[in-house]
């Protein structure tokens, strides 16, 4: 029998506690040996629920613990950089939620440290592990429908996050849109230029801090294809997650999933269900699968399915989109960093 | 905090091990204290995987264990009756997979023992816990689309089970179809008369033991509505699970779910995914939910959502369908038992 | 250039005037030389609209008109028999709306006269000319999805016809259902036995004259397949026209068409359009196509795509269904006529 | 009874002959009194088919014909301008296929002449008469789903037109895309700025004359909304015609229609039909409806549903898109003309 990979989860907020539960309940190939959160009681509650022995407030306590082989960094974004660097220097294998940092300089420094340490780094681009997007990728990558020509992504949240989060989110394209900026690379490869537009059309409060709630990014790819991403902070009919890759010999589409498969017919027509409410529901299996693959990479010493460079690339495209939004002109990716 | 309900799982084959995993991984409100299987090594493997302390071969060992409050009987059908009776007499709360027995007499005896013992009995009609069927039920039961008039169920397996199972399965209507015979009662209430037809159209081996692989049951309900169930042992495009309740002011339908939400368009048209392969995939959340509700009923001393009488009723309709099939005439439910 | 076939339309009510318009507007291969209706002013209006020269009240006037090669008999059902016989004896080629008669005896007499006269007779089973049903037929008949096992037809009108019509309609199975009784033969061939049930669930007025508004016919086919037809006089969400032929290697389905391809998404979910309102909208192209093919058969002396025997067969199944409904037992087709 | 409007069709090629047939067959409120084509035999064939008395080669012959009240100008694009001007000066009411001209200067001159003459001018933006787009418009315009935020149009032809046509087509955005440039105005009102990109990804022959076969236009609207149009010359799965208007309280979508409503299920999944092949099939009813409304406007002296200014506006957006494509920068509509 293969050995169990011993893990610690750093940060046990909403996303960290999901990872912790998934490891304990659905990933017998790993053992969760410690949880950590600066709010010790939050970590303790997760530990109690899941029967985890070691609970710490300060992640430094875990750096030199030889029983820990790998860590999941699920803290707030502004702490990702130095925590990842510390664990890298300590020789731990690392899974880190996206983005590595909102500062390109810090991302680069972190990637340098990770590379020098020779540890693995996987970025939490969970949507790459979704069976529907994978099926689209498979169809496109197989070449059976020819050469990619056009891409369109719809990514709309069902509602605004809290205002205090929005103020520090880095802006809609970098926060909500970061998944799309990775997805386009997953489906079509490198982006060369972007043109972005956006506006506040739903919630005027956002104007205070210069963010947008509605936006479009037009992308030109190195392979000649082109595409658009449309984002909104609020789709009242639910979390809208669609994708199309149109090719020279066909098209591949990801429809929305539905909360139920029930349909009601009456004098108004036929009404089917809304999509699963939000990312926790829609992408639940992906959160298990990405960690399952991370564990496998650690155990079998394989490269991770998403890398630090993937994490960097999405942020760079995001910066280019922001620059385009502010300067109202197409921006080459090479202009950034 | 509410107390945890202590459970044992009797029978750790395919279905039993699913229940065991669900309890340990997804139902923190319960504690799985023992597993039992006449193939001890099978029970031991499940116990090892899930960290269960007590493993027994003979369920009698558990009858007098005061730490066990409730049991899940997931053994082979022909043993359900006496095992349920023994646990009932021992005062345990009981969840039993469908059917209670293939013999009506044994069902009646079992229900009598359960009643005398004053314990709870829930039958594993998992589909009642499916969100799509529940939504259909909700629409119909609310009266918003008027009076039920017509029902149609499509229930087709993706492939034949093993021949050795088929020989003892009780026949397609009682085995594959038992879920439909409960579903029709869940959606429309009591059945008064059935007319059934069936044939071997796919696999001639079945003729040896007089079973069918394709069949239809036409039902007349006490409320005046009528409906049909169509069953097949083999739908090559996957597990086909559909339902419609047509009412005087509208209709409510359960479509198939899809394995992925990907669609490919090419010169042949647009191709979408097959349904989730089989019951383990399609109804996975129901297996958790039915046990969650069972635990809640035990803990809070509430009536179970499906009862022994529900279990009996479905079998009775199944017998009526078999009788109709053999005699080629409509059979009143009152003719049976 | 090929000669134009010269036609007369006998009966210019709703359906007759549609045929007249289709001939004049969409079928340049024919010439409509006369229209006839016992309500002369009705015929005159149609003639005025379409520029038809000859208008008569009494069809006998047309029997000996050598300029008329073929007639469309679109009068009320109870007159079909003798009118068809008269035109057959006069040597005219005949298209007749379904059914040839509600009396089997009259049908047989009519078919005998037609055969003796050696003229063509096409029955107006318009649905055979629908591209969706034809595509289903093509898939099934090709054998690519194996052997037919199960059939299900949903045929539900959007609303009741006038009460005075219902009183003489012959009953729901023979009136509304006659199309299904032909469709099952088109898709799966001959029927051997039926079992039918039905009730008044929506409109109690029907009880006065012993008709039903909701019903199911279960059919057993000569090829071993079996199927069901479900009929209702009132689907509030529109004219519901669906079909499935499930086979040993796949399935072929006819979905409903939609009035528009618009979809609205809001807090209630996603709402798509109702089906086209009724047969005039849903089957509009079929009414043209059936006459186009009739004209071609007349001009090129080919057998008609639907025959008098098809017309008889559907009525016979309908009688068997009625007999089954009244006697509550399966009825062999051979018991009728 | 209302008088019939007397019409002439100028240009009886593919589109002109469709209009001629529609008038004669489906629009009894008009009378087609003359057809004209510089290829006299083409006009004669249409006249023969439809029984039109007057056939001319030179449209000047019709200018002073008092029996003609209105004309349909369906000639090649480069002749629209002067023909419309001549008929305007002659006092005829005018329906003209889009675009009025590929030269903005000529459009302006033509609109000036039309205005001075005081005649009506309707531009053939047939898609505004499609019931699906009208339903989307109705939903959006009603305000029931809030404020428009995002628009996305998919408009992809099933295949390339002839190369000789492409060389003079004005480019993909002005030829294929002109309908979208009107549709966005129909749905969301005035456009303020566009950014466009495009490439040759399918057929290298186009590079010779600097056209593209794949492109995207990003639009910013005066109402604050934004949107994208994606165009391709070749969708192998058929004529792809979709639209979405996402609003602050919901979304309204136009799906593709389907050639048939048949679905095949087999081991590959479920395959539904391609869209109707091309514009002649997909938009057939619109070609009738736009002329029906034109006739009504002429007869009842009402403003036309699409105007010369609508025709101009779409061309101006198209020029802005071309300018953006060539200069790779956002272009304000006010920069053009």
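First chain written, first letter: the chains are A, B, C and D, and each begins at residue 1.
The definition used in the following text is that contacts are C-beta pairs under 8 Å (C-beta built on N, C-alpha and C of every residue); 3 or more make two chains touch, one makes a residue touch a chain.
All of these numbers come straight from a predicted model, not from anything done at the bench.
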Next item on the list: Would you mind telling me which chain pair, A-C or A-D, is linked by more contacting C-beta pairs?
Entry: A-D
Next item on the list: Please indicate which chain is farthest from chain A, where distance is taken between mean Cα coordinates of the chains.
Entry: C
Check: Centre to centre, by mean C-alpha position, how many angstrom separate chain A and chain D?
Finding: 43
Check: Taking each chain's centre as its mean C-alpha position, how far apart are chain A and chain C in Å?
Finding: 58
Note to self: Where in chain B do residues touch two or more of the other chains?
What the structure shows: 235-237, 249-251, 265-267, 272-273
Item checked: Residues on chain C engaged by chain D in the complex (per definition of touch) -> 24-26, 28, 49, 131-132, 134-136, 139, 144-145, 249-257, 259-267, 272-273
Check: How about chain A: which of its residues touch chain C in the complex?
Finding: 235-237, 265-274
Note to self: Touching residues of chain D toward chain A in the complex: what are they?
What the structure shows: 146-147, 149-150, 152, 154, 156, 195, 197-199, 201-202, 214-216, 218, 220, 224-228, 230, 232, 234-237, 240, 246, 248-251, 328-330
